[in-house]
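Next up: the structures, one after another.
The two complexes that follow have chain A in common; it is paired with chain B in the first and with chain C in the second.
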Partner chain A sequence: MKPWRLPPHLLLLLPAVLILAAIVVIPLGLSLWSSFTPFRLTRPDTMYDFIGLRNYARLLGDAQFWSAFGRTVLLLTVALNLEMVLGLGLALLIERASRGQRILRTIMMFPMMFSPVLVGFQFKFMFNDNVGLVNNALQSLGLTDRAIPWLIDQNLAFISIMVAEIWSSTAVFAIFILAGLMAMPRDPLEAARVDGCTPWQTFRYVTWPFLMPFAFIAMTIRSLDVARAYDIIKIMTDGGPARRTEVLWTLISRTAYSDARMGMANAMAYIAILLSIAFTLIFFRQLSKARSQIAAEW
Partner chain B sequence: MTYSAKLAALLGGSLLAGMAAAQDLPGSFDGVTVQAKLIGGQQYEALYARINEWQEATGATVEVISKKNHFELDREIKSDIATGQLGWCVGSNHSSFAPQYPGIYQDLRALLPEDALSGFVPATLDAATLDDRLVMLPRAQFDVSAVYYQKSLYEDEANKTAFEEEYGYPLAPPDTWDQLADQAKFFADPPDFYGTQYAGKEEAIAGRFYEILKANGGEFLNADGEPAFNSDAGVAALQWFVDLYAANAVPNGVPNYLWDDLGQGFASGTVAVNHDWPGWMGFFNDPESSKIAGNVGVAPPPKGSSGARSGWSGFHGFSVTEDCENPEAAASLVWFLTNEDSQKMESAAGPLPTRSAVWDHIIAEAEGDEYRSEALTAFQVAAEGAYPVPRSPSWIEMTNVVYPELQAAILGDKSAQEALDAAAEAATNVLMDAGEL
Partner chain C sequence: MADLSLRQLDKKYGSFHAVKGLDLHVEDGEFVALVGPSGCGKSTTLRMIAGLEEISSGDILIGDRVVNDLAPRQRNISMVFQSYALYPHMTVRENMGFTLKIAGRPEAEIETAVADAARALEIEPLLDRRPAQLSGGQRQRVAMGRAIVRNPDVFLFDEPLSNLDAKLRGQMRTEIKRLHARLGSTVVYVTHDQIEAMTLADRIVIMRDGLIEQAGSPDEVFNRPATRFVAGFIGSPPMNMAEGVIQDGLIRFGDGETLPLPAQFRDAVTAGQRVTLGLRPDDIYPVGHGLHAGEAVETRPLEVALTEPLGNETLLFVRFGGVEWTSRMLNPRDLRRGETVDFQIDLSRVHLFDGESGRSLRTA
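And then the complex of A and B:
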């Protein structure tokens, strides 16, 4: 009788499976397990105290957690939409440029080259109420004689963070959409012009449907980034003051490392992951819809 | 551990007992390697140059395996506790962080002779003792605050007259928190000039609140370890912050300010009075870094309504882990880095020492330097009444739930009483979750 051997195709897959298990599955499994425990970093033995869904149950009734959750959704929605509109505008302008398009494309990508931590410090300084550029400019121009609390006021702080996020990442949308514009065949545009379409009608019914898949890919990528928004907010406001700009990841990191309550932080993180999955699903569905529409029309 | 290493450690330990007291070389540890996790940063580095001297004297080697700021080091140590990787020997520690690491550090009284410890300021050694274990030896990085002020404002005759007319007592550097508030409101001319400022987030504001609360006769935790800061003394303490913010006597960005913002703000000349740490002493009077150099006065920390001065203090130190294979060598290194010579070297740059003899030394050195003498006298008064944060492992976690409520009161979202009641409830939950209640 021949000894049993692993089929070759499984044998060949085994290294990849083992590496994936070590890098992804085991840490995920451990963090999921710890979300069912009162695990504290400073008391490792608590990793073995199973408390079932108590962390999740507490989070369900935790107003601060849900405020942070809501704020994250709001940030996602507003930032993504504004980035898309601005990115579209930028891409259309650059596509129109008959000279220096390469230089413009490079300049457009500058903000993406800065680390988010640097962007955070840069905008924190700009929006500083006392020595910041924005207030000094407004005061010098005679537009105000008071120090506007950009990073303190509920709405202004949120807007300031949004400005930093948008400044640093609008280029992602612009690049994707520009790629779409450059790949777009010219015939339908010429046909639309011959048929007497206005520029708006050409854009609305010809250009935009073609660009939509590109925009949704950018949306998907950026939604994961924004849903994990941490660096810029951590530097600019750290979720404060008085929790006015708290988002999921500033809350989770404080709970995990400052408070050392890793079990609770992991429970929060798993709920946050659901949010990312939801946004990703929405955009993938939109992407498939846009693709089928293009396939049908073109 | 090899037999020879054990023997060396044993010999070293006994040598250490004899030599430490005499400010001499702390033992012989040939072939021993001591791994260390140290706080990094410009102001802490000079001391580490002395590690070479210790290596040459003892024959041991120091391997610095991590050098980070204290918040990052704190996270790393917590991760080490979680993963059981505490085989390194010497770690930088801080009085505010130490209670969070129960049982990971050795009692240094068991490793060092009593007379090796006799030169330290007794109150500081008490503050470094948790559950009857001396968990760290304090280095010359002792922090307690005093009041820095712009002298010219207090010498101006027009200011003196106007202030006395408005407030009914002569203008002089503030001796109480109420006087500081009056003067801050008097000097404020926003948005160009502010009366004072305070750190507005994290442990920074919780600590400032804690010391005004104590100066008002209140307690953060009562004798049973329950949060008790939502008392009348607590409301009065928080109201101090609220009133200054409402009167625009402080920059309206203070809820986001931390220590660097305060230091830079005062040095920019746009703030009249600044309650701050000794580390800024040189910076404020240096024309290279400060617009008010030569115009800075220093007064002891203000008193609260109980008549006691504020004295929230903290200090850096070095600890030896329980899992260290060569604790005698590690204790020798820790002692060496905190001995008189080390403290004289560190405190020459400004930081306050934790040894009585070094205090005498730096005061004698400052003779003839009016500013430094005045500052050291003020900080010495502050050090006499200094006290650490409550010795709860959950102190940092409690401050994380307290400070957003303090901010909510300052920004007018809640009354002082409402904010403190909510903070006390949240802090109670923290203590209950941690099994401390």
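And then the complex of A and C:
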């Protein structure tokens, strides 16, 4: 009797399946499983202790978690909106430049070339209350004689983080919106001028509707980015002072590694992922609506 | 409605002189076609009238108002673009009502104006579609609808039909003519297609290299072209042209062939002058197949090099005077390539242009 062999097409698929299983499916399954256990890194055997939804149930009543959650959403909305406005302004300015546009485009992208960790260090230094550039500048200009506690006051610290985040990523919006501007047909703009539009009305009724899908692509990308914000905050404030700048992922990593409560951390992570998915879905909806509005062929 | 005046209108792009001191007056309600080869400055002129392009010098007047420094929206004009330039994100209804909405007119008035225009252009069923859901011809209609809703002083058209296929172009031509008859508006219509200009316009302005070559009624520019360029540009098939020299009361062509100097030019030329003779295909034809009863005809036996039957007429190609001539044979009979037949040349309808300047030598 012939020995049974795997059919060749399955055999050929096997390596890919194995690799995917090893790097995606198994970790995902394990982390999901562990979110149903009181798993602590210090006590591996707790991994087998199934407690059902108790982690999730406890999170529902966990004020610290929800304040991190809320802060993440706040960061998302404020930072993304500001980035969009600034990116739009930047793109419009660069599009106006009749000369040196290429150079300007490259310069505009500089902030994206820095690792977020470096951006964090850089802004931590700039916002330092003693030696930081910001306070130095404000004091030399005579605008204040105090040392403003940028990274120590809870609100100022959150604002400082936002500034760093916006500085590093406004270019994403600018690039997409600039691409939209460059792809835009010129004739409707002229038609609008003839139809009686002021420059502002032309922008409001003709240019912006055309750019919207491009802005939404940037939104989608950036919402995923900000929802997993970690490095800049870790460096600048490490969630402090007194957890007043804690966002989801700084909290998750603290829970997982400092407190070693991996099961709980994984439960948080799954909720965080749901948040990302929700935002992505929202922007995707908007995107396809905007796209069909301008009858985009992509 | 208003009249429109261009006075010494000039446009330079850097060192390139695109429009060179144009003078033109368009009467209230007149339909003027700007026609000329590609790159002669038609669009530039139109865009200066619209205010989309700054003028380098000169004046533009709409009514009795100098509009040189007014923004397009302050000029009360409408423009139909070659690409239609519809707003892609708006429905047909919104596209057409947009100008009134911007002007802050009440909802009800916009509704009525759009409905009226839609009825006139027979696009009522399309009102809720977006431009992407329309065919080329429908987009064209919407673009025109958008223009008439505004009820402007002057309509500007920039090659509005050139993106349509031949059949649709014919239809829309009629449509535009009907619309103009109904609205009685002042129109400046740019086209490179002389047939469009001939069929639509009250007056045709032929441009070349930023200058006006001739302005006149369709009849004038066809029957009394002021220059060799106009003669060659207007009419289809184009006018036959042959270079020659005046000699002993004859026109002698390059290959030694001659034609008698037509009576109407006898006092206009001098011996030895180099001239270009122009003759429309209608004015050279096989005996008995002409359009006009010739007054002073010259008969020559010529060999038919090629035939193009079109049904009601046949175009014949013959060699004479060193160049190829097109002849239009009405009530065609069967003619073979290579056959030699007697052709009549109507000398009373000959055009003669100065060999150097290209100006017509016609005196009266």
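Note that the second predicted complex is superposed on the first by the 276 of 298 C-alpha atoms of A that agree within 3 Å, B and C clash if a C-alpha of one lies under 4 Å from a C-alpha of the other, contacts with A are read in each partner's own complex, and residues count from 1 in each chain.
In the analysis below, a contact is a pair of C-beta atoms (placed from the backbone, for glycine too) under 8 Å apart; a residue touches a chain by one contact, two chains touch by 3 or more.
Computed from a predicted structure; not experimentally measured.
Steric overlap between chain B and chain C is absent once the structures are superposed on chain A; the two fit side by side. By the document's definition of touching, of the two partners only chain C reaches A:Pro188; chain B does not.
In the superposition on chain A, contact is made by A:Ile294 with chain C only, not with chain B. In the superposed model, the vertex angle chain B-chain A-chain C (Cα centres) comes to 150 degrees (nearest 10). Contact with chain C, but none with chain B, is seen for A:Val206 once the two complexes are overlaid on the shared chain. In the superposed pair of complexes, A:Tyr257 makes contact with chain B only, with no contact to chain C.
Here the smallest spacing between CA atoms of chain B and those of chain C, following superposition, is 51 Å.
The residues of chain A lying in touch with chain C in their complex are 185, 187-188, 190-198, 201, 205-206, 209-210, 293-295.
Taken together, the chain A residues at the contact with chain B in this complex read 38, 40-44, 47, 128-131, 135, 139, 145-147, 149, 151-152, 237-238, 240-243, 254, 257-262.
Put simply, chain C touches chain A in their complex at residues 50-52, 71-73, 77-79, 81, 83-89, 98-99, 102-103, 130-133, 146, 150.
Residues 75, 78-79, 81-84, 100-102, 190-191, 200-202, 251-253, 255-256, 264-265, 268, 270, 393, 396-397, 400, 403-405, 407-408, 410-411, 413, 430, 433-434 of chain B are the ones that touch chain A when the two sit in their complex.
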